[in-house]
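As structure tokens, here come the structures.
Shared between the two complexes below is chain A, which has chain B as its partner in the first and chain C in the second.
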Partner chain A sequence: MSDIDTADPAIAPIKRPTRWHIAVFLAPAVLVYTAIMILPLIETLRLSLYNLVDGQTVFVGLSNFATLFSDPRLSASFWNALGNNLIFFVIHMLVQNPVGIALAAMLSVPKLRFATFYRTAIFVPTLLSFVIVGFIWKLILSPIWGIAPSLMDLVGLKWAFAPWLGKPDSALITVSLISVWQYVGIPMMLIYAALLNIPEEVLEAAECDGITGWSQFWKIKLPLILPSIGIISILTFVGNFNAFDLIYTVQGALAGPDGSTDILGTLLYRTFFGFQNQMGDRSMGATIATVMFLIILAGVSLYLFVIQRRMRRYQF
Partner chain B sequence: MTRMLKGLMLATTVLVPAALAGVANAADTALTIESWRNDDLSIWQEKLIPAFEAKNPGIKVTFAPMAPTEYNSAVNAKLEAGTAGDLITCRPFDLSLAMFEKGQLAALNDLDGIKNFSDTAKSAWSTDDGKTTFCVPMASVIHGFIYNKKAFEELKVAVPKTEDEFFALLEKIKTDGNYIPLAMGTKDQWEAATMGYYNIGPNDWKGEEGRKALIAGTQKLTDADWIEPYKTLAKWKPYLGDGFEAQTYPDSQNLFTLGRAAIYPAGSWEIAPFKAQADFEMGAFPPPVKKAGDTCYISDHNDIGIGLNAKGKNPEAAKKFLAWVASPEFATLYANSLPGFFSLNSTAVKMEDPLAQEFVSWRQNCKPTIRPSAAIVGRGKPNLDLEMWRVSANVINGTQTPEQAAEETQKGLESWYKPAK
Partner chain C sequence: MAKARTSLVRTGLIHLALISYTLIALFPVFLTLVNSFKSRNAIFRDPMAIPTPSTFDLVGYKTVLAQGDFFGYFQNSMIVTVVAIALVLLFGAMAAFALSEYRFRGNLLMGLYLALGIMIPIRLGTVAILQGMVAAGLVNTLTALVLVYTAQGLPLAIFILSEFMRTVSDDLKNAGRIDGLSEYAIFFRLVLPLVRPAMATVAVFTMIPIWNDLWFPLILAPGEETKTVTLGAQMFIGQFVTNWNAVLSALSLAILPVLVLYVIFSRQLIRGITSGAVK
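Let's look at the complex of A and B:
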């Protein structure tokens, strides 16, 4: 077909003027993004292959990575941080996302009163700075000044109170739940939007077939919002493996007690910038950053190339 | 992002004050002091710097402090980038030595007034052979315990001299129930080591004797003398406040100054802030000894000095400032504006604060020593100081036995440190 088209002189392709405006409109974003994201990323990857030898920066190949995984102390802290990070992620997936979906499902019930108020109230913590969130929760949970002990006392649960942030067994769970509290608004909003997008006809058709209530949620709504859940999962994954801020504000750079809340972000910070009497090590920090980058890249690729392709989408 | 943030923070903390100083009088030589003492900002701005500027017209000094835990890495980054101020506040021992060896700090052997300091005072900022000094010693801090005099009077108890008396006293305060016996938490970790292990330890490892033996390799951190302080620390646990595991350093300070705790394991740097906060009389006692009559040892730690940026822009003006810091005039001014930071100047300094006098009086009977992790054994990775923070907190929390704690620090030390044979 195409050769016939071009052979016809009457509809020969019109020579279009070069579309400069595309480049012009893209330029600011490309320039800014390159300057503050892409170049530092490349520089970090490069730095992970270099190290200081006798005061000179020299190319050392993969030896930084070899040190990271073979040095007994470094590798122990790395695996500890990775393990904690996984727990951090699993708690988000098990608590934040199901709760977010449940909240969205409840909000989309048409008869619910004050829906806008709930929606706003649940979303507000997401807008707060992590410094404020960290500080508020540290105060709430403080065994000395906090209101948690006295509130629990009111309902006779004083015995169940413990200095959660200071105990190695509970600190990581506590910090994860604080983060869940802060970010639960995001899955809620995305799912809420997806639920509102389901056309009335589909739901009416379901009702005609006698599918109502819970089974309507499981059989009709949930499959339709699966793509949104996929997006939320990947956002959670990237966010959790990049996390640093909340742990830093609540537990400090040492991520105590005894490294029990140390995740990759805090380990990277301490290694790269140093802490108190320990000097920063740029190369090793860059190495950890590279490993973090690869972990996130692997997770995102897995999602994009394996999971997302198999996901069914419905067109209305 | 963090990079950007850091850049912005540096820009706002350094450039803005510098720019303001520049506006004030363009012809003046501007000097910037890099420091981690943000608590002292107002004292530098209101007392120390005006005193210097009055005598040295034409020199404008700016005090630019930053967060203590970030100071070392930030100031190193600035020195490497050539954006650091002319005057660099020096951490003691290994950290500043590393800066000198990199050529970032200038030698100060021929500075006017450097003779005002004894070799001990200079040891924290001299090369290992003691020949070159690269920072002017400013002050040392002494560890001990600060107590609430009112609480002691109410309970009719006296200051403890021995460890047994100390624990009997803690028990008595606890039974009485009005006060938390000891105000200390383990959340920030450094209190456990700095106010705990380094505070009471010298009595067990016999101060300098043990510290030097550790450096020489004739003693190990797993020896009984080094485990003993951990054992004592473990016994502190029942006397700390409820939920001490989540109690931060400011929490502890507030508990004490609000009069809710009786004893505060302290460093003398607390004196000035405590005076400002507490409305009761305070006293102090040195770490109790094992048996009555034992020699007492105190941690009298060279803590702060000031040096010259080797690549600074105004070395002449900066040297003038350093010579002033080395003078007895500065010593008196500093020690009295910041009671608890004791002058290292050989000229005797008259201090007016009774609590500071109390601390300094221990020097007459007790043998001083410095923190064991500061010199020579504090150079490697893992950093011994940070390791000691962590294990001391673990020992008090009860998640590690004293033996395990000692074992871990010794293993970390052995992994890089080979004592000179």
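Let's look at the complex of A and C:
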């Protein structure tokens, strides 16, 4: 990736007629992509440096960021959202990815019956929209309907039930777990694919050396699927720091109770569009979007330039 | 003998774990579908029971169909999804062909530029996208959604399709060139038919986030005329929170098309993921 513009000297001197068809093939995709995605992104980054002063849009440098980070009213919600977002991400990393890996490891056991059925069924929630997932869980966890308490009663845990979504201490964890429930299919599938790609000979060689079962998983398979674990981690990171829909459907735009489930996506929505008696603010919206962009960019760069480079890749 | 038994126990435990997780994954969906066909009393009295003749009731569906224009929402979602997928496939395949077939100055740079969008979510540009759509007079039109979803789907489509196009034999394309086919004919008549399986995979990957998206319909097209199913269900449920029959029926109506499509395309999707299309 580093040798980007070393134009191949072998082909450079050859004069040929301009190959217009290349431009024709590229043009539609490049135009749509640039106009709808790249330019608005750049424009959003630019807007974060401007603000309304006396009805005029003027360049204000980094003062929007200063406001966001230290203004008593806004900064409190910002740091709260950022902290919640981090917890949201950590829960996904600690629950979603290990569960996904465990499911994939079980599914990839050779000659397991019904493996296709399990795989297909476990992937179903991933296909549903956040709206559906959010409301289903809201109903299930609702004390009015009583599904959750009566199910917990079956295993003698009824005393442990609480309206988790309504309590500030537990709401964020509950919402994160709902999101984990929905998305566990993705790490499962990617790790499953990686496990299937491990050649038979490697596993046979391990078996000849007496490495089977658990120790085979830890010593042979896990190191071989590390690159895939890297990919699911970065996908989780990008997805989590850009999440919005689930929280919006389950807890509303205010991300209650008391802002305890507010993450950057919901904060961006409220700031940009306004909500109830809060006025919409384009510049602050752009500023929050820029911060999200920088966080995601930092994560992706860390992955591409540090983690992925250090990771050993095995070619079979 | 002892070894055979331990492996039997192990397989049993694996099945137990997988069955439990399958139940966890499917139970909420099952619960919603089952209860949407029951009367209000039955929903609360015995939520786990399958509807019987005495508890069977379609009142929820009647409310949904009378109150919300669900067919209209479906139509909107279908139009947006189908048109966006068609554009992503066409434009994506064309760009992927240019990148994988020809060596030209800036090829790698162009590839990286187009790949940026795989990692950076289009949502972050929302502020300026809305501004642009307002300026272009496209707010509350399906065109706005189609454009956004096309841009959103292109990066991954180009990435996957160019990987596949590299595997199309050069001899075939060169034979076509010798026979006097234009580059366009080579693309449309030789290459496209050969990458059809990859196109199907890309179509499924593109479809799911478009069909399920709430953010852009909410921001760019919240009008009654242009609501998608996801947004329609969201707003409907918001209004009818206390009408459990209606809520469960609306949810079921939103789940059903996805489930049907999944049953039809699940092999394609899973083969696409496991063949390493997304690496």
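The definition used in the following text is that the second predicted complex is superposed on the first by the 290 of 316 C-alpha atoms of A that agree within 3 Å, B and C clash if a C-alpha of one lies under 4 Å from a C-alpha of the other, contacts with A are read in each partner's own complex, and residues count from 1 in each chain.
The rule is short, and it goes like this: a contact is a pair of C-beta atoms (placed from the backbone, for glycine too) under 8 Å apart; a residue touches a chain by one contact, two chains touch by 3 or more.
Remember, predicted model here, so these are calculated numbers, not experimental data.
Of the two partner chains placed by the overlay, neither chain B nor chain C lies in contact with A:L222. When chain A is checked against chain B and against chain C, the one touching more of its residues turns out to be C. When the two structures are aligned on the shared chain, A:L49 is found in touch with neither chain B nor chain C.
When the shared chain is aligned, chain B comes close enough to touch A:A162, but chain C does not. Of the two partner chains placed by the overlay, neither chain B nor chain C lies in contact with A:V95.
Of the two partner chains placed by the overlay, chain B and chain C both lie in contact with A:I36. Looking at the shared chain after the overlay, A:R119 reaches chain C, while chain B stays out of its contact range. In the superposition on chain A, contact of A:L128 is made with chain C only, not with chain B. Residues 36, 40, 145, 244, 273 of chain A touch chain B in one complex and chain C in the other. Across the complex, chain A is touched by residues 10-11, 14-15, 17-19, 21-22, 24-26, 28-29, 31-32, 43-44, 47-48, 87, 90-92, 94-95, 97-99, 102-106, 108-110, 112-114, 116-117, 119-129, 131-132, 147-148, 150-152, 154-155, 158, 182-184, 187, 208, 211-215, 219, 230, 233-234, 237, 244, 247-248, 251, 254-255, 258-259, 262, 266, 270, 273-276, 278-279 of chain C.
Remark: chain A residues 1, 4-5, 7-8, 11-12, 19, 21-22, 24-26, 28-30, 32-33, 35-44, 47, 99, 102-103, 106-107, 109, 112-114, 117-125, 127-133, 135-137, 139-140, 145-147, 150, 181, 184, 189-190, 192-193, 196-197, 213, 231, 234, 238, 242, 244-245, 248-249, 265, 268, 272-273, 282, 285-286, 289-290, 292-293, 296-297, 300 touch chain C in the complex.
Taken together, the chain B residues at the contact with chain A in this complex read 2-4, 6, 68-70, 72-74, 76-77, 91, 94-95, 98, 102, 185-190, 241-247, 251, 255, 373, 378, 381-383, 385-386, 389-390, 393-394, 397, 399-400, 412, 415. Residue ranges on chain A touching chain B, taken from their complex, read 36, 40, 55, 72-73, 141-145, 149, 162-168, 244, 251-254, 256-259, 269, 273-280.
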